[in-house]
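Okay, so here's the structure we're looking at.
Chain nomenclature is as follows: A, B, C and D, assigned in order of appearance, with residue numbering initiated at 1 for each chain independently.
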Amino acid sequence: MIVIMRTNATPEQISTVCTRIEDEGLGTSVSQGVNKAVIGLIGKRPPGMMERVEVLPGVEMVIPVDKPYKFAARGSGGGDTHIRVGNVTIGSNEIAVIGGPCSVESEAQITATAEAVKAAGGHILRGGAFKPRTSPYSFQGMGGEGLELLRTAANATGLPLITEVMEPGRVPLVAEYVDILQIGTRNMHNFPLLQAVGNTDKPVLLKRGMAATIEDLLMSAEYIMAAGNMRVILCERGIRTFETATRNTLDLSAIPILKEQSHLPVIIDPSHATGMWELVKPMSLAAVAAGADGVMIEVHPNPELALSDGPQSVTPDRFFDIMAAIRKVAAAVGREVPAATAEMEAAAT
Amino acid sequence: MIVIMRTNATPEQISTVCTRIEDEGLGTSVSQGVNKAVIGLIGKRPPGMMERVEVLPGVEMVIPVDKPYKFAARGSGGGDTHIRVGNVTIGSNEIAVIGGPCSVESEAQITATAEAVKAAGGHILRGGAFKPRTSPYSFQGMGGEGLELLRTAANATGLPLITEVMEPGRVPLVAEYVDILQIGTRNMHNFPLLQAVGNTDKPVLLKRGMAATIEDLLMSAEYIMAAGNMRVILCERGIRTFETATRNTLDLSAIPILKEQSHLPVIIDPSHATGMWELVKPMSLAAVAAGADGVMIEVHPNPELALSDGPQSVTPDRFFDIMAAIRKVAAAVGREVPAATAEMEAAAT
Amino acid sequence: MIVIMRTNATPEQISTVCTRIEDEGLGTSVSQGVNKAVIGLIGKRPPGMMERVEVLPGVEMVIPVDKPYKFAARGSGGGDTHIRVGNVTIGSNEIAVIGGPCSVESEAQITATAEAVKAAGGHILRGGAFKPRTSPYSFQGMGGEGLELLRTAANATGLPLITEVMEPGRVPLVAEYVDILQIGTRNMHNFPLLQAVGNTDKPVLLKRGMAATIEDLLMSAEYIMAAGNMRVILCERGIRTFETATRNTLDLSAIPILKEQSHLPVIIDPSHATGMWELVKPMSLAAVAAGADGVMIEVHPNPELALSDGPQSVTPDRFFDIMAAIRKVAAAVGREVPAATAEMEAAAT
Amino acid sequence: MIVIMRTNATPEQISTVCTRIEDEGLGTSVSQGVNKAVIGLIGKRPPGMMERVEVLPGVEMVIPVDKPYKFAARGSGGGDTHIRVGNVTIGSNEIAVIGGPCSVESEAQITATAEAVKAAGGHILRGGAFKPRTSPYSFQGMGGEGLELLRTAANATGLPLITEVMEPGRVPLVAEYVDILQIGTRNMHNFPLLQAVGNTDKPVLLKRGMAATIEDLLMSAEYIMAAGNMRVILCERGIRTFETATRNTLDLSAIPILKEQSHLPVIIDPSHATGMWELVKPMSLAAVAAGADGVMIEVHPNPELALSDGPQSVTPDRFFDIMAAIRKVAAAVGREVPAATAEMEAAAT
């Protein structure tokens, strides 16, 4: 931590800052520049220290030097975190593709979609049972019944299952049904929920909040990890900007930045980021080219009949085409796309 | 709802859109322009209809005409919602001032602050017991014990109490202790929590999310109201923008916009918006001049010792000065600032 | 300037950074923390030094300690800059009100508006002759003829005149006609234009760019001042954010921040910030309450016939009402609103 | 154009709107919905009509139906615009790579860079002679001498040359030296400059403004095209958002959106978008995968000695590596990367 004093700070003010820091058992080092004094803290900064010093008279700015997260940070030795689900190892050299509808609507719909996802080579089935909707009058998901249908479709195809959980009290129930728990963008700062999924043994896909910086995202991952669950998958899904041509602005630069700062896998959700199915293919390919560990794509057998997010869902045919294109770009950047399931892999060999 | 077709849309595509709408029991009206056809929906648009039409071939854009909220909308007859707590009527011609620390830290701290708030003329005591902190390693609040201390300080001063609740499961407990429940900015889209506070009979102060539009805020108010609780207070507390000189950008234009679109009271939080105590006074005065129904200000007896948010907290002396200035500006725009409590009012007359 | 080294930086890398800085004749001071070394520069940082050090191996971050502007910065002795035009001293305890149409459209229009502005107590006449329009097909202003009409109306009323100049080549012409030169939001980073107005002896009202930080704005002021023209007036007119309810988001926190960092006057333009005439009054009052030195308001005798910006223009009647309200709020915060002209002042006494 | 009336609009107000439109020789069509009336305009909307109607009493909103640009819009027949420079056709199936330093600093520097760009397979040489710098104290470029050095290096290598022009008065001079004129991000709304380059016969690379929407960018292209110059290349270079981990947020979704709405070529500038050389490779590959027609990359023989933008410049070795990776990804998406020059192409065959 570094403290920059104002130009006109008095020696007494500088001394007060030093005393305040030393009172907590830490060392200080003062550099007197031409205009300003700068005080460095020696030792490990305790929580809240920055705020406590920032209010002292004569202080202009306090700058953290260390990252505020530990478990989520890429270490010096630093291998990547690998998370094995079904036939894919997320975070390895393999590209994982997650596909499925925004919401489960019926047995027929989820079964047809799961089979289409698998047939095209998708590795993980997604689908919403509890849905966060901005309007209380919109379809809120099928709830517990939806979980049953999802599990049945996952079992029938052999694909692992991911679904969103929205409240701490429902985490145990949802964790029973799924292979990966999803935290949605609107809940990235729902700390009781982060702690609740941190207490499970299921991998967690954590979506970046619409207004969250990359550091905010890593701090939310830290919440889950500090609770004991180290299997966190980060997901960029678009941030809110002034541009209205797309629903959000997909921040693909986040991929190399996250890879540099953290050892956790990074997945891209082009469907929610753009809100338009026409953009799902180019943004999926861009994500893989930029180094993402996978993509999550909304697939619906009849987008025009979908109860939610139809405009951003691709048909099974288009999903098949996207998978083929992903394989080519993955190969071009030295990544592999494994078969959907171990059986399909065996059959292919 | 209006559907704008693409320039090259075929008559068949136009006809398909009309049929899709009419299948749900509604009427349509087609205007053929020079380049494009426009289809209007006649009747009350059902939820999800826009998305279902947006995916049809030949459709360029679907535009809603009616607001998606009902209870929160300013009606044609339209008086303002008045919420009486303690000695102030929020949403009336009176200006309400809420003051107190970010977090309760000790009995001495909250008692001293409550008395200072009351002495200066503040109407409502605020204080956090359960704190949403971006770092799992920061002080998380005193929890249940904090609630007890808050209630004691509120009772001792006769001020009503507001505190934040962060999870649905804790709503009944917190509601027992407080006069107003607060939903924080990070939970504006926590729908299970909105429903839970909607099921209580306590007024709810709902903070705008950092990346929430004004319409998003009103939709979240609608969640609470649709659950049966009509006493919602809207709170603008800064939105996230590219500017880094302040923590957030306080959007004071939201005041007249919210007043035009809704009958609900509007409160401004200049402390969290700016993150700097020096800006609390000018932004409080600006809020009152722009038509706000009140302000919420962080007050701490020793900001440099605060366990959270010290840099944005004002001392009791400064709070006293701000209250005096608020009274002058309120008078200049024809608003009143009542006494802190009925006893003080009686004593003054 | 402070250099923060990466956790794993080698002693050689630290030494290279020091040598690089010392080669330019400056001193260094190294603090070795628990995880990271921090190098401070001793002496006056030359331009480009930060970038030259940032690229060296092992460097994590370079942080400036001094502000990059000099003339625009509030000095230690620091009085405010006062700019006298007509009967008002901008930057003093007086509130200046600038009023007039977006564009000059005809002699009748500009004459009627100028008289209405003066009658209501406005101090300065505004009006556009050269207009920056986002569409090449929109009305581009009356050009030189517009300048003539503006000057005539200004002379007839005795009000000083402000108008926008858009290209360096036209600065001499426009400067002949006006009392204050205006740089529009789209030209805040038009450096040749800033230099050109810096070479005149007319005060310059500099509008903040839509995506400009407060520091960017002060750097653009610095361009004008470095060219020799110290009479710069800063103008906040809304920044671009995700919110679509208003055209831009008016950042009133910029007022106290600019006042703290600079000695230059600060004016608010609520008309362009919001794009809605209904918001001009509340935002004008908020601006004055927050400490602005004045406001700039679009006034048009017939907004529904305006060739540009009709929706954000107020009628003369509404302008009269706004002036009355501004006087009350100004008085509440200890500011004065002088008479429109010296003659009116004399007549009133 | 569609006019949505307020819920309580009177028949007189509806009638006034219709009359206002019909007075300009256009037709109207009124649809009376359950809550609101909607008026459609029949015929070609004249400039300014939206604003003139928006101010009428009872009007809630006016929505444009047609795009405000013509020349820039993808037509119904719609081939893509191809721009041939040197050995590459920008906008065709070929990927164009532009490389070179931020600023020309010396003959040795620009010659070495030009040769490195060519050797790696880059098609076009970039370099700044007149530099827009946010600080008046930073290096402002070598000016006319820089143009000479650039032209010499371009001639020596046989690469076409692109450089930025910053003011209308300098367009004729710069146009003499270059093969493509560049308009920088800070000048996207410098309308006199757009008109000046529109009057030349050189292709223009137009960078998106930091706060410009995709529609704004196309409107600025329209300015150039309306002046007669149809050879415009659009360039996405990052937009300003709340994220601070990168200098700007690169909006790659803009590629497919621009391709859908316009026939103009789209180039990506990952160097300025991110501000970090480490991100140039992944973002270049992502751009090609997403469908860009090319990339523009800052290359410097000694980034740590660069007078500007060192941190975002890649060395010749890294540029060589990026070119190799671009070739692979281009092939994966069915695009070609031609040889740097016709001679190299002939030599390779």
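Convention: contacts are C-beta pairs under 8 Å (C-beta built on N, C-alpha and C of every residue); 3 or more make two chains touch, one makes a residue touch a chain.
Remember, predicted model here, so these are calculated numbers, not experimental data.
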Greatest Cα-centroid separation from chain A: which chain?
-> C
Selected pair, greater C-beta contact count between C-D and A-C | C-D
Express in whole angstrom the distance between the two chain centres, defined as the mean CA positions of chain A and chain C.
-> 40
Between the Cα centroids of chain C and chain D the separation in whole angstrom comes to 28
Enumerate the residues of chain B that touch no fewer than two other chains.
-> 211, 239-242, 244
Mind pulling up the chain D residues that touch chain B in the complex?
-> 2, 4, 7-8, 29, 31, 33-36, 38, 40-44, 63, 65-66, 76, 240-242, 244
Mind listing the chain C positions that touch chain D in their complex?
-> 20, 47-48, 51-52, 54-56, 68-69, 132-139, 166-169, 186-187, 189-193, 209-211, 216, 219-220, 222-223, 226-227, 239-240, 277, 303-311, 313
In the complex formed with chain A, which residues of chain D make contact?
-> 211, 213-215, 239, 241-246, 249-257, 260, 273-274, 278-279, 282-283, 285-291, 325, 328-329, 331-333
